[in-house]
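One structure is given below, encoded as structure tokens.
Letters A, B, C, D, E, F, G and H name the chains as they come in the text, with residue numbers starting at 1 for each one.
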Amino acid sequence: MARGKVSFVEEECKGCELCIHFCPKDVLGLDKSRINSSGYHPVTDLEPDNCTGCGICALMCPDMVIKVERE
Amino acid sequence: MDRVLMKGNEALAEGALIGGCVAFFGYPITPSSEIAEYMARKFPLLGGTFVQAESELAAINMVYGGASTGARVMTASSGPGISLKSEGISFIAEAELPCLIVNVSRGGPGLGGIQPAQSDYYQATRGGGHGDYHIIVLAPSSVQEMMDFAITAFDLADKHRTPVMIMAEGTLGQMMEPVEVRPKVTEFVDKPWAIGGCKGRKPNIVNTLHLDPDFLEYRNHVLAQKYASIKAQEPRAENFMTEDADLVVVAFGLMSRIVKKAIIEVRKQGYKVGLIRPITLWPFPAEPISQAAEKAKLFLSVEISMGQMIDDVRLAVNGRAPVEFYGRIGMVPSPEEIGREIMAVAQKEGLK
Amino acid sequence: MSSEQQVLFAGFGGQGVLSMGKFLTHAAMGVGKNVSWLPAYGAEMRGGTANCLVTISDGEIYSPLTENPATAIILNRPSLDRFESKIKPNGTLIMNTSLIDRPPVRKDLCIFQMPVNQIADEHGGSKIANMILLGACIQKMTLVTVEQTLSLFELIFAGKKPGVIDKNKEAFLFGVDYAARNW
Amino acid sequence: MKTVAQRPQSLTEVKTHYCPGCTHGIIHRIVAECMDDMNMRENAIGICPVGCAVLAYDYFNFDMLEAAHGRAPAIATGIKRILPDRCIFTYQGDGDLASIGMGEIVHASARSENITVIFVNNSIYGMTGGQMAPTTLLGQVTTTSPYGRKKEDTGFPVRMAELLATNEGSAYISRVAVNNPANVIKAKKSIKKAFQTQMNGLGFSMVEILSTCPTNWGLGPVEALEWLENNMIPYYPLGEFKVKEA
Amino acid sequence: MDRVLMKGNEALAEGALIGGCVAFFGYPITPSSEIAEYMARKFPLLGGTFVQAESELAAINMVYGGASTGARVMTASSGPGISLKSEGISFIAEAELPCLIVNVSRGGPGLGGIQPAQSDYYQATRGGGHGDYHIIVLAPSSVQEMMDFAITAFDLADKHRTPVMIMAEGTLGQMMEPVEVRPKVTEFVDKPWAIGGCKGRKPNIVNTLHLDPDFLEYRNHVLAQKYASIKAQEPRAENFMTEDADLVVVAFGLMSRIVKKAIIEVRKQGYKVGLIRPITLWPFPAEPISQAAEKAKLFLSVEISMGQMIDDVRLAVNGRAPVEFYGRIGMVPSPEEIGREIMAVAQKEGLK
Amino acid sequence: MKTVAQRPQSLTEVKTHYCPGCTHGIIHRIVAECMDDMNMRENAIGICPVGCAVLAYDYFNFDMLEAAHGRAPAIATGIKRILPDRCIFTYQGDGDLASIGMGEIVHASARSENITVIFVNNSIYGMTGGQMAPTTLLGQVTTTSPYGRKKEDTGFPVRMAELLATNEGSAYISRVAVNNPANVIKAKKSIKKAFQTQMNGLGFSMVEILSTCPTNWGLGPVEALEWLENNMIPYYPLGEFKVKEA
Amino acid sequence: MSSEQQVLFAGFGGQGVLSMGKFLTHAAMGVGKNVSWLPAYGAEMRGGTANCLVTISDGEIYSPLTENPATAIILNRPSLDRFESKIKPNGTLIMNTSLIDRPPVRKDLCIFQMPVNQIADEHGGSKIANMILLGACIQKMTLVTVEQTLSLFELIFAGKKPGVIDKNKEAFLFGVDYAARNW
Amino acid sequence: MARGKVSFVEEECKGCELCIHFCPKDVLGLDKSRINSSGYHPVTDLEPDNCTGCGICALMCPDMVIKVERE
């Protein structure tokens, strides 16, 4: 079971993939099926169960899209 | 007795202190330096701020910062230094920050000389900087007025949220006359727009960037309306023997006093001459000139320049009478010289 | 207006002509006159010439400057060459013969001469040369009386050490006396 | 569950205009977090540069000013002299601070002006479309060094931290980077130290932050972080160059 | 075929190269940066000098140095940057150094926006800097003219030993149109006053300091005479459908083309409207406007500003007809909008 | 008898306006002597500052320009880029170079502009009547530091030689003084070395020269030389700070 | 003048609307028309919207701008919201349905739709999306023929690698074909 | 007999006394009996015979008043 939980303000995501690149657990990815109103594919948690809640993604996100919670 | 003999520059500085100025940011330049030096002597004792900036650019931006806090702050310089401030003045005008800018002016262009001049008239009244803005410009004619106008300047600046410039010929800054020292100003408007920490309120922002064209245009209309109301309220001029005048001389600053002396002399020879002295160069007192144009047959713009204010005189007269020009550079002409010139023009135009 | 007088002081930068003018201005103000003091600033680059124009009047002073001062106090040759011709007809010329090696050309002027530098070297040094000359001038001029001037020393030198004031008074009186005896 | 990461109070809700992956955004956040941590929001006054951060006044949630290009340190001086107890900082790019603003920054440091400078060095003019900056590396291609920057006609990139450290007036000078999580954490520590230096009245403090400009470097956001690491850090060593103790 | 599709800024830069420009000193600013970028690409290949200066101040002073050698050199900027150059421009004007200064202008005041404007008109024509000086100001209206005027500018600069400014709305710098590339200029005047080493002659001095008031005044008269001869020789304007016009619109730059389109449309509705387009903003073409004032019943100054050129229009009309104003900021108004405005004013004044 | 000392060819016959004992005069002479020695007079172009040396164009006997206050290095750049083989130098005071001209001097050095700068540091604004300069010593009384310069509100005097030496673009940087015959001889040597650096195309060179201002220091010419030795040299150490070899 | 046409291109910064406009301008010039290309510069801060207006005429072009373009090529929703109402009565609207989630409001317009992003993702990626759309537009517009345009590719892409040119030609032709089949 | 000889352009002398101060042989002094047109007492050689022609006076003269000759 996941120790951490990430949630996103999708509209603010610019699809830069920094969070994806630095996530040690490969939790994240872009949702190619959707485009937000700025024209970007927004981030999503592909493997939510792997999230440890380490907060690295939020640390590297330039756009404060990610909220991280942990037990 | 409370008449004190003071240099014009010192009287202006003292006037600023009386007006509640708490900080001076400036860079030395002849013939304005005594203002900075006076502040450097006074503020450490009074508990205000004197900063000798590294340049005029830095100085005007320190003024931008200081004025943003709502405090009464000022700078002083001359010709080349004012040019260097012109970007900053444009910013301050758009940010609507009240402050005092002094130009104790000298002859140009370029490095020019350090002798008196009025050749920064265009720069002062047409905005040396970029964009559609104006600043109020006051032109004192005596050491007493150097003090009094400094006080007035801060009040006008706060009233209209605009930079105010005092422009005086170098001579006025260097000469000494007795002045009556005014009482300290104690009433000030409050400034909810000022920055200083957002405790208990939404953050304040001081800004001049408007990327959205519509908002940029809106801002320009806001300024335009302000300038209209300043034009309606603040133009100041002095009429001297204009009632019966065929020839009306227009001159400002110390120059206007020389003209008065000359007028008194030439009137002895029967020439009907008067003077209109613009006290505010912007807004320009077009009204009294326009009125005079109803009767006067001839106007003469006398300036310590190659002819700049004459544009505004012509715009005010608007074709109803000829407007002649007489100017010198790098020196204040003597009353004798002006007298000769007035009579020459009057004769040429067949007045007496 | 009628009773308006203009006095020109001219000499080298270092000769204290500006302070002579200031002193006279101050004194005249002290006795309730309207005054203005107008320096030719800056023009005296180091070692150049300096001058100032003092206007004293019972009425409002419109013009602090003029082409033709009634009185000229000239401390060196270049200044004489420059200003002699400008003095009002029948005006007064007071000159420092130590640094002026020619007589005046004009005949209409009322002229007083004094070898200021020599005299100063003998009495108290060059620093007070200008006070000696000023004493002499005020003795001759009708603008302010010697007594009035003396009574204003403390005011004018406000902040200066008593020693300095006395030294200047002395020099001033020496000049007054010199004028009384020689002019 | 407890929240480990979320938008700091010292930032507004406004979405930034920065390009995808531009690290200006990270820097904004850690500056804001410092203000939150130090409980300084209501006491803070920030000054934006002219540069991509020109709109920072919309993002920081406290009193802000927008400066003329390069003049932020002079404006900060004007404010600080009148409000000495406020926490005042400038946020400046490398064109703003190291090119047109060189006079103002050197003198703010020489005067030991008690302000903090957040200096974002991305080795290029971002806002105006990628022209050369004084900090552009030799060989780096920009729109005004289209054949790569050459020392023969443009000399050498300026190292502002080292230069300002020579001023006795400088109290705290450091250089950090935001190219990976560890460095972001270090960067935040250094920024906090700079603010503390100011609040302790020790004088001028500056943190130079190596940052990316994916758009004008012509790289993807992740590649850009690698380029920073491989090219900028070797020429602009990280560390503290001046630390005046209370 | 030798029509090439070019951006206005690039056409101007290419025109400067055709005109013999050997050095560009500048600091980037939107919307002028493409000029610098073009030079940065070209000079390394052509063997000229491109220097990205640390600031506009440095840039204009590099121009001062470069122009002192007699070489054709230039700089380019916009609003705030031009303000920063104003001290330097005053120096260059007094030193009588020929050079080209470009203002691809944007909306102000302050940082303002980057959208097109004409609100630096006062600054350009009244000398943003200190002292009595003027510079020639050319206002192109097409990408072709961006190129052609750059060539002309260098010739005028050398002919009169004066800085010449090209002022164009930002849009003109950014838009693309086909241009005919002109042949390279090959004839240049020689410049015995230039510095470069005193081998075989007395040293040359480039200087603007004149401590002696008489000499300072002399210098100002020398400049005044030069400006008089420029005013006599160089004013340029274009008349468009003015022969029978009751209403004469005055507009310059790209704006003037929009007005033409509008005039063609409103004439279809029977309004007798014409255009006078100042090509030189200084010297201002007062003559054609004065002539038009003989017949026209009404003038309308259309500017992308809050109203600046209108002063010069009024001075030229000198009271013989009313002069109205219409302006926008931060955008070039459309021909439809101008058409509506023309008809409104015409009706208000009872023309048709 | 052979002549051991007389007016160099590179000076005009014009009498200078400098105050009695002002060492600007000595510096003019040794600069001129270097030009004579290097046979460079007809190839030299000098740029005067705004400052007491503003009239130097009347004294140096070769092509000269008068610059706007602080901008001499930019002007020199404009000339040098077009006439690279000429010997181009600026002559600047400490207000001109270290205050208003800070941006221009730092960038001329950073660009490794191949020019020579003669920097006359007399710790004060001479021409304008003795205001404080960035180089004014702590405690020194000037018309704008009437109670003595205090570090609390004006920070610390800038050491330009040390500051510019941090730029890779600087090829030769030294500090000398003209307070006694031995130092005058050393000063001339250093100036010559700077000109040679330029003629060898090595890049930016500057000689900072400690000089006197008897008038505004309120000292006699001889006392002034002693004040320089006892107060300036301890804070502004003499020596070479950067020497790039060909 | 009569035969003057104005075409608006509008979308996100990254969608290549400016280059589409440039391409059309170039092509029209290639066939001897007078042209002007007017971008709304800067306004597109990063990630914002971009647009440009192309004017093509047989006569002299006085005004490179207009309130009411005859044709509008709209690549995203914000641009449709902003420009739909401005299009000339009975004008033409070409829209990218991938990024526009609403139908046009106006009924007088002649409308062509294309899911540009999807199509591009399927055929050669987003980089050439704008060429596909442009092909379709030119197929429909009467300004320049497809053949003329094809003959100008080398000129317009002068300096680009042959590979790039071919890739773009391909995309262009795909668009032409798409319009032929679906519009 | 003097090994050196100094001559002066008196009009240019400003009486600053630097030459006097540094002359190792106390050759020089101001001529208090005369004042040049700038108002200064000019320099003169009080002890010409002691002059060694070392040139130090000229080296320290800011105004190029002194010409030094030596055998």
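Note that in this section a residue touches a chain if its C-beta (ideal position, glycine included) is under 8 Å from a C-beta of that chain, and two chains touch if they have at least 3 such contacts.
Just so you know, these numbers come straight off a predicted model, no measurement behind them.
J.: Please give the intersection of the contact partners of chain G with those of chain H.
T.: Joint contacts: the list comes back empty.
J.: If you tally contacting C-beta pairs, which pair wins, E-G or A-G?
T.: E-G
J.: Where the CA atoms of chain E average out and where those of chain H average out, how many Å apart are those spots?
T.: So the centre of chain E lies 60 Å away from the centre of chain H.
J.: Can you give the whole-Å distance between the Cα centres of chain B and chain C?
T.: Once rounded, the distance between the two centres reads 34 Å.
J.: With chain centres defined as C-alpha means, what is the inter-centre distance between chain B and chain D in Å?
T.: That gives a centre separation of 40 Å.
J.: Chain C: which residues touch two or more other chains?
T.: If we look for residues of chain C contacting two or more partner chains, we find 42-43, 45, 47.
J.: Would you give the residues of chain D that are in contact with at least 2 other chains, written as numbers and ranges?
T.: Answer for chain D, listing residues that touch two or more other chains: 18-20, 22, 54, 66, 68, 99-100, 102-103, 107, 134, 153-154.
J.: When you check chain E against every other chain, which residues touch at least two of them?
T.: Counting only residues that touch two or more other chains, chain E contributes 30, 51, 54-55, 57, 80, 87, 91, 110-111, 114-115, 207-209, 211, 213.
J.: For a test of understanding, state which residues of chain B touch chain C in their complex under the given definition.
T.: Interface residues on chain B, with respect to chain C: 3, 5, 30-31, 114-115, 170-171, 174-178, 254, 257-258, 260-262, 264, 332, 334-337.
J.: Can you name the residues of chain E that touch chain F in the complex?
T.: Touching chain F: residues 22-23, 25, 49, 51, 53-55, 57-59, 61-69, 71, 73, 87-88, 91, 195-200, 203-209 of chain E.
J.: For a test of understanding, state which residues of chain F touch chain B in their complex under the given definition.
T.: Those in contact with chain B are residues 50, 54, 66, 68-70, 99-100, 102, 125, 128-129, 131-132, 134, 143-147, 153-154.
J.: Under the stated contact criterion, what part of chain D meets chain B in this complex?
T.: Residue positions touching the partner: 41-45, 47, 54-55, 57, 60-68, 71, 74-83, 86, 103-104, 107.
J.: Touching chain B in the complex: which residues of chain C?
T.: 1, 22, 25-26, 29, 34-39, 41-43, 61-68
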